[in-house]
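Input: structures, listed below.
Each of the two complexes below includes subunit A, the first together with subunit B, the second together with subunit C.
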Partner chain A sequence: KIKYVRRTEENTTPASIQAKPAPSGTAHARSNSAPRRRRRGRPDPPHQAARMAAASAAKRMLPDGGADDEERWLAEGIAGVQQNAFYMHRALDSNNLKDALKYSAQMLSELRTSRLSPHKYYELYMRAFDEMRKLEMFFREETRRGSCSVVDLYELVQHAGNVLPRLYLLCTVGSVYIKSKEAPAKDVLKDLVEMCRGIQHPLRGLFLRSYLSQISRDKLPDIGSEYEGDADSINDAVEFVLQNFIEMNKLWVRMQHQGPVREKEKRGKERNELRDLVGKNLHVLSQIEGVDLDMYKETVLPRILEQVVNCKDDLAQFYLMDCIIQVFPDEYHLQTLETLLSAFPQLQPNVDIKTVLSALMDRLSNYAASSPEVLPEFLQVEAFAKFSNAIGKVIEAQPDMPVVGAVTLYVSLLTFTLRVHPDRLDYVDQVLGACVKKLSGKAKLEDSRATKQIVALLSAPLEKYSNIVTALELSNYPRVMDYLDNATTKVMAVVIIQSIMKNTTCISTSDKIEALFDLIKGLIKDMDGAQDDELDEEDFKEEQNSVARLIHMLHNDDHEEMLKILCTVQKHILQGGPKRLTFTVPSLVFSALKLVRRLQGQDGDVTGEDVPATPKKIFQILHQTIEALSCVPSPELALRLYLQCAEAANDCDLEPVAYEFFTQAFILYEEEIADSKAQITAIHLIIGTLQRMNIFGVENRDTLTHKTTGYSAKLLKKPDQCRAVYACSHLFWTDDQDGIMDGERVLLCLKRALRIANAAQQMANATRGSSGSVTLFIEILNKYLYFFEKGIPQITNTVIQDLIELIRTEKQSDNTVADPSTEAFFASTLRYIEFQKQKGGSIGEKYEQIKTT
Partner chain B sequence: MVLVLALGDLHNPHRAPDLPAKFKSMLVPGKIQHIICTGNLCNKEVHDYLKSLCPDLHITRGEYDEDARYPETKTLTIGQFKLGLCHGHQVVPWGDLDSLAMLQRQLDVDILVTGHTHQFKAYKHEGGVVINPGSATGAYSSITYDVNPSFVLMDIDGLRVVVYVYELIDGEVKVDKIDFKKTATTHA
Partner chain C sequence: MNYIIGAFKPPCDIFVTFSDERSRKQVPIKKDNGKTAMVPAFQSLETIAGEVSIAPVPGKRLEHTGVKIELLGQIELYFDRGNFYDFTSLVRELDIPGELYERKTYPFEFSTVEMPYETYNGTNVRLRYILKVTIGRNYVGNIVESRDFCVRNYSPVPTINNSIKMEVGIEDCLHIEFEYSKSKYHLKDVIVGKIYFLLVRIKIKNMELEIRRRESTGSGANTYVETETLAKFELMDGAPVRGESIPVRLFLTPYELTPTYRNINNKFSVKYYLNLVLVDEEDRRYFKQQEITMYRLLETPQSS
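On to the complex of A and B.
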């Protein structure tokens, strides 16, 4: 049988001593009369002098500091502990139980202080705690040796005068008592947890109960434990921990309401430091073997939640809810989801529910991801519906919750549903819809954290499905995007495009492309109120290049649908304004030209009016599109694209179309391209393209070639004129079947080039006193050789021989400085002639007459 | 032994979104000593990417390149070989071997690398080589139908150069090899 003492409050006279055996009463009377400062009049422990000196030094420096006072109080407390511990050890060494109890009680009396903050109190407590372990070992030795029975000890310690030391000693002996198995663990624990009610001071009570929790952890009558008792043993274990938890939480909460109002914030901080003492109990509960799902469902969770909800304390509710989620296993949460979630809307309005609820969803998401075998469980308990419902209720219950909080909740719910129900696109849309509902009526978001969460919300489905087409089916997706500011809309658009490129997703219907362009409209056109000057040039280029790449991903093998796609893309990109067109138009042009080529591969009967996808139709689109570019103005690019189209039209046998494209190119050349270098490149492109055209009738061809040679001869610099003119010679001689073979005009071009080379030479002589254009003559010589081999009758070996001699003369003329590259060019040309001679056959014969030396 | 990567006509992003992934996984930094690019990249990101593969990068200007710093032609010497580089839109008729041979004589090079046609070509010609690495992205071309992405790797060793052509055909990379030996008499 256990003998025990009941006290209602510490430091009070024993008003209600239970009618139990005697010793407690006398013990009480004696201790109460003991002087408060017992260490006076006793020899100082070795280091006390040093401590005093340090404390007084500190005091001099900071005369009135509260922190300084606290330091001093702590130092005094520690000194008290050490001093009494010193005597306790001496008593232990000499097996003097009576003195050991006396000094341990005095040591523990130091914990009765009310002057320390939790942090300092903890330090003091730890000192005493270490000493108590030694005392406990002594008790165990004593009882094992049989010099004192544990029952007697249990009674003896109750003689301590003050309730706090008495209860610490009682817990310590209680631990030994349980270990001795002389009484059932449950009885001792029940006794102890009840007795601890004697301390109602929050800080002292919390630490005492924490001590109780600490020493009893390994002695619970758990199933399978050596302390397991009768059938209901596990209930006793759980009941004990729960009761200790509930009492501790009450003390913890009460702490908030003691002391002056102005220190409320400080108290909140101090309480936060103590939270783990309370939470530890939940951890212990989760470690009890006997707490199975049923037990958890029926007893543990409801009791904890009851306490959490009823304590009506912000800090406790937030911390404990989080604690529950962290310490108990995932499958328990899943099976008790309804109970757990039902607590959330009942929490105080200022509790940061979103963090806790998000933590729960994240945990369960990870659980779902851990193994596919657990997924049926989620379906069975309808986890999504429950979460969705709970979030709705929480948002309703907390109308002041900032947008970022609500959106964070939706992000967690979305993550959860993507992991648990990847096949339920409707759930995803539902979450987005709920988010829109929360955002509705608000202007665009300005809170950067909320924006970040929205981006996370919108990115999650892209990552999960790696396919934008899926996201395009979500009706609420663009509606959520509408709440983003312009800059973030662009960021999101880039994310979307990157996702498409990374997964090489092909988007193949104009409807979907319409939806896609709606999502990325931030990149496609100027948004209302956007400030252009803030744009970073590099960023802008990168964004527009990404749009240009995207255009290549918009594709359908069906010609009709592809045409629709092109029209849709055109409609959108033409809204882009001058800065964007130069990036996006080329992509559209080439995408269209690819379709032209596909149509060209079909049979020729595609000109009927009822068939929309004809090359003609596409060329109209191309014409409009490039025209937009020439207004930008970006004439050089437009000219190149017109020439590309002309060539494509040539391949489609559409002479008027090809002619029109050439006309446009020529207009640009004449009116817009003024830079001499740009002119050179443009003229070479014109010559190169025109050389490949084979559909023009004589008249059209003459017009175009005439213009081209005219432009060539009007370039700014003579050498450039010369090169362009000899390149024009190819316009009159093509190797194709029924190609043009107008030797007369080839020769005209070459002669004209020679005249220009001569003029260039004379100009160089006149201005710089040197030549420098001999290389032009060698180039022309090479062209002569080219057509000589082609068999143009007007070009004979005599003509070539004359040209070689001319070059030699020019080279040797007095005022010409030898240029090694010119020398090399001439040498390699002569070597070529020799090479051709040695070939023999008809070519060798042709070259036979030409002398190279 | 020196490895030279030759490529061109990427037309990014005008005609193609990116290099094929299979090419990208083959082209790793540190293996290639020189890159010669015929032009039409057509943006800075591509330039930076090539630079990351090998800092010794030589580029000539294609008609769609905006970067005016790229020259029209360029010559460089690698080992015993003199290489010439030019995009090729300046040489009419486009892709015509005899006209390119004239450029080769003019630049006085053993190996002439040009682009523009988007069609891989390698000729031995008058004791030299004329190479067109094709389009590395398989970009649309008005000159060549059904362009396959391709590039060229030249292994230059003494008087010998082995030209490897990498071509992506129906999703598979096909490699061809052309051997070329320089005769000591080619140049004085």
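On to the complex of A and C.
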């Protein structure tokens, strides 16, 4: 049945065609009444003919030329356009329709070039475009004058022999035709869009159709437009734009597959420059008034998607999906979500779906955020389920998608659900679960971008709910975190803690705390294989400080629960290793002491009952905790904490406990604290604490005070000894009613201090030849004054008077160095005595006896 | 025959006028000297009537052996130039032998003349109609004056006018299907059709539609065939892909076409063809030619 075309290899035959330089011009000439004569009788301007002949000769050359060549070709093209435009204007001025057609066709013939890149071609096109506007105006006037009916004109331009100029002219007249309303707009448009199929060359076709789109934009038979026809005309308008869009897209896609393979990349780039020509159609569609939701749902979207899916082109699919999302209203997207989403899994495997889909979700979530009254719609269309489903399918359809892509999708989905369904925590968990599923079977993430996305994924719920408690309910949250590398886990943990701090969230159950510590375990303990060497000391401190702060945030008014919390925290922080304990233990200790004080506050109610949360128990915990510090080792800290605990135990009337804590403190002092400065600090702390203790029985107290004074006297430097010893004097005199008041021993201590001070001075004399300052004496004097005022009988005004004299003598001795601060100290001490004298009263009377001068 | 003309000033002027000359449609025809002249147009079975006016040079007497007017339909083949073959010949005697002193007017009428063939000016052949007035003279040659007129015959709209539809191709290389809506077109018609690409494996550069006229003259061994491309109309620019269909719309008005003439008096034929040409990037041409029948449709006033 098939008949075969005779195939001729005669390259010589077409010579006659090539010899004719400007076929389009001649074609118009043929429409004259005496065509051939005319053609011969009215040649083109000679230089013009020569130029075009040269151009056609050049056309046979290889299309491979540098940028210079292209520049030159463009210049030639522009020159051609300008020249013909000049003749065209002259014809327009003289109302010579035939010449106008002839020269306009010649001008448009310049657009037949295949040698320009899209960018340059566009430039040429714009030149011609401007001229075509003038021609259109001329046509309009011509038809208004009645010298040529628009119908005739519509036929006349179709006599042009070359298809490209013919179609440009046809579109131009078509525009006038529609405006004249002599025929329904839809018929003209349909004809135009159909005829434009004649251009199958991608670049030229795209520009021609873009021209068509341009001139028809304001002439669509849209609802409310002056070109609106019968009831159905909106369909025609939509059909027209759709068809033009489909054809343009086909041409655009085809561009990728034509030409040599080595220029593939370049073509991709060129195509990218042209994409807006295609996308503009979608924009036009979105502007059509008559495209309501039904229309969009039934016709527009399915048709566009069909084209997008079927074109199987990465670039086009990506761009057009994005375009759809950007140009049509959110409301439409929401109502057609299923259709729209169903297209995604069908796209090519290399299409960057995540970006597009994320854009869609972002848009919709913005939409939801902007007007809360649309939220019911989201629920109605089950937006979340659809998105979730679609993402699953997309990930399935694109097995090569990098993890970062999948995670980005989940981040978008999460953002979406957080904005749209803030109350649906299960959705959030679902998203995280899906993400875990995707990540499962993979090792920890190495890709820094993916990691970043996961951090974003995990941070989103924190930001949204500003309450970590919510996040803790998400069972999949820690599972996602497991996929992060150690450094990122830490960063994430810090984020979580910061979130808690910022919102002063109170986490009040041990379960949640268990979960929380699971999340931040990167900070709590050393991770497997972590390289600690690389750690920045400052960062580490920062992190651990934040953990310490976090511990303070854990609180529950219920004591029992609070105890559980403490146990949990203890369990976790004890795993932290020596470096962390110094940061975390104090927090825990003080947190526990806080509880102790609370329990103590309601002592009456709870004692005797069988409640688990007794101070005793807490002290046991504390004991363990502080003991852990010994391995650090950090004896000074442990000592302080023991003392704190002892004091708390004191307040709770738990003598043995307090005693035990003191014992521990002393052991530390003896065994661990070797530095003399640390010893000084420690001894003063011990003295201060012990002074406040009031539960110890005589025996215990004696033991402890004895020990303390013993330690004091054994300090290395004499001044330190002296100071510690006079400080010990306070241990024997408390203001409490039933406290110890042993004036004898107070005096003993002070005297001993004086002795030591004396010894110190002599030692200084012996070694340096000058007997140091008398500051120690003045300090001791002050102590005397203190106890004098307290009314200790053993301290009499005589003793004080003697001491003052002693100081005076010492000061005046030759080898005493005059020290202004000592002078001032002594002067102000004396001034105090004077002041008390003058004030009178019982204390004033006591002082009467003391002479200061 | 009329060698006197041109050599001497003729002894009289002869004018042939048609009775409805003013109202009759005039059409351009090409004369021997290549100039175009406007002549009245007739169709077959019309009555051709008018007047012959003979005006002798004042003061001269014109003796003659009788005056006659002939209506001739002639075919001239250019390989045999100057030799006219008369396929129609009608004679009316206008005057008996006598003398003319002054202007004299003779009415004539050929009623319902059968003129089956149309006036045609081709590459190798010419068909013409003339009115020839002969004043017979003794001794000196006859005085002859002729006047051209044109015949155009109109055909009714054909009752059967099938579309032309065909699938052609080169195996594994190119398959196309083309369709022209009609096989018979009148001279002001529009060719509408579609080219459908079923398979494209060659790099096509463009596609054009040509209208070609094939004029064959003579018969047997002496047949001369002349083909002329009257129209070259680009249909498509660029390379189509499988499944594309390209519309065809070609207005015939701008081209000088005649109806199809089949075997006119066994002397010549004129046929028209549509030639679809595909040109590939190496300028190779692939084509398929289809005959179409042209006819002349009576132009009705309302047609625009």
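Assume the second predicted complex is superposed on the first by the 766 of 853 C-alpha atoms of A that agree within 3 Å, B and C clash if a C-alpha of one lies under 4 Å from a C-alpha of the other, contacts with A are read in each partner's own complex, and residues count from 1 in each chain.
By our rule, contacts are C-beta pairs under 8 Å (C-beta built on N, C-alpha and C of every residue); 3 or more make two chains touch, one makes a residue touch a chain.
Just so it is clear, the model here is predicted, and its values are computed rather than measured.
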item	value
Contacts of A:Phe540 with subunit B and subunit C, given as first, second, both or neither	neither
Touching partner for A:Met195 - first (subunit B), second (subunit C), both, neither	second
Subunit B versus subunit C as contact partner of A:Phe86, first or second or both or neither	neither
Partner chain in contact with A:His730 - subunit B first, subunit C second, else both or neither	first
Partner chain in contact with A:Arg640 - subunit B first, subunit C second, else both or neither	first
Doubly contacted residues of subunit A, that is, touched by subunit B and again by subunit C	none
Touching residues on subunit C, where the partner in the complex is subunit A	28, 36, 166-171, 174-175, 206, 231-241, 244-247, 249, 251, 253-256, 279, 282-288, 304
Complex interface listing, subunit A residues touching subunit B	501, 541-542, 545-546, 548-550, 552-553, 583, 586-587, 590, 593-594, 597, 637, 640, 644, 647-648, 651, 681, 684-685, 687-689, 691-692, 727, 730, 734, 775, 778-779, 782-783, 786, 789, 821, 824-825, 827-829, 831-832, 835
Complex interface listing, subunit B residues touching subunit A	11-18, 43-45, 63-64, 89-90, 92-94, 98-99, 101-102, 105-106, 108, 126-127, 139-140, 142-143, 145, 188
Residue numbers on subunit A that touch subunit C, as the complex places them	1-11, 13-14, 17, 23, 27, 30-32, 34-35, 112, 149, 151-152, 155, 158-159, 161-164, 166, 194-195, 197-202, 204-205, 250, 254, 258
